[in-house]
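Worksheet: one structure, shown below.
Per-chain numbering from 1; labels A, B and C assigned in written order.
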Amino acid sequence: MKIDIVWGKSEGKTLLSAFDRALLEAGIHNFNLILLSSVIPKNSVVEEVGKAHLSNEIGDILHVVIASFGCKKPNAIISAGLGWVQTKQGGLFIESKGEFSQEDCKEEIRIGLSEMLEARGWNGEIKMKIISHRVEEIANVTVAAVYCNL
Amino acid sequence: MKIDIVWGKSEGKTLLSAFDRALLEAGIHNFNLILLSSVIPKNSVVEEVGKAHLSNEIGDILHVVIASFGCKKPNAIISAGLGWVQTKQGGLFIESKGEFSQEDCKEEIRIGLSEMLEARGWNGEIKMKIISHRVEEIANVTVAAVYCNL
Amino acid sequence: MKIDIVWGKSEGKTLLSAFDRALLEAGIHNFNLILLSSVIPKNSVVEEVGKAHLSNEIGDILHVVIASFGCKKPNAIISAGLGWVQTKQGGLFIESKGEFSQEDCKEEIRIGLSEMLEARGWNGEIKMKIISHRVEEIANVTVAAVYCNL
């Protein structure tokens, strides 16, 4: 499986249009997203591409693991992130999001993913992509993992 | 793609059974709903049918964009609505729902959808279907777009 | 359709890793879960198996109806449950979850499912599986119905 990590952050006039603009930055605004929980198949290639460049048609279904947070409190610090690990047996994503700093988001991912690995007896290096933002009026931060071959 | 707009509102004894009765009014209570985000494929036909009349089997999967709101505050005014636009390039849905009036729901849809169109450089007429209700005990309002050929 | 009822409860270091450990107990931690709403196809076999023993590959998609509740209030009583009914015409699941006792969960399922049956003119015996737990630090309770042939 080819899995592309993409992300975006944006202000908007409503929570939904801010989310839409974050998806646009990530290159996945013109697809119908179906959410997956969090498992990476064996022999997958996970790559941080930032913005997806997909040849799918407008309205096609796209399967994604997504961490997305919207907020309309001016000056709030918001973060959304995915952490992931790949091992010989398979891999895992974890999402983290909320009104907190990049450091707190990183820590939540580290603790949660470590425990998920331990529960399976798996070992591997934790990678992360976190997007943070200080809200001006209404904003959204999003990180998504696009399962390109589903 | 044939896309049918359906809707319902209902009181119920629990939030979930009120939702179920709203789905029944909409004609989609006997299917397993999988939620899509919001994009309309090119050359789709979107029609306000009110109640779906589908020949699918009980338990079949149905892909829908849905705006649904349940509430158990007597006398609260609740609304749920979908707005949509079709253009030559493709189309978009936006959902809006909450404890607010039909007018506020309409305004949120108009502002959000206008910004989503602007972000893509798309143009088209905004259409909407909004259902509002004054809660007696426990109630739900739902508007859904059924992707009939998925 | 073969539908397996599975369940788990666990403490964890974060809400998400507690959820993951509950899924592990249920045997569905290594799949990508896609959520279905609640309808049971005709002639399905629903069985309480506790822990799934699936031969699917790590990362495969699994369709589930799920009731899951996470909580980080020490000493809180939390419950999650599925109720179901099968009739000649088809069947229904209902989920219930929250910070309440097994008895309250049972009552919510009974009332909601009775109303859903009545709305369809269906009759059948209500069955349930409910998991409850007193939170130590951070915990999750989960009951899921796995649609094995989807």
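Following the convention adopted for this analysis, a contact is a pair of C-beta atoms (placed from the backbone, for glycine too) under 8 Å apart; a residue touches a chain by one contact, two chains touch by 3 or more.
Worth saying up front: this structure is predicted, and the values here are computed from it rather than measured.
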Same vs different contact residues, chain A with chain B, by half of numbers used: different
Rotational angle, Cα trace of chain B fitted to chain C, multiple of 5°: 120
Between chain A and chain B, what is the separation of their C-alpha centroids in Å? 26
Quick check: what residues of chain B touch more than one other chain, meaning two or more? 34
In their shared complex, at which residues does chain A touch chain C? 1, 34-42, 44, 63, 89-91, 94-96, 108, 111-113, 115-116, 119-120, 150
So, in the complex, the side of chain B touching chain C is made of residues 12-14, 16-17, 20-21, 24, 29-34, 57-61
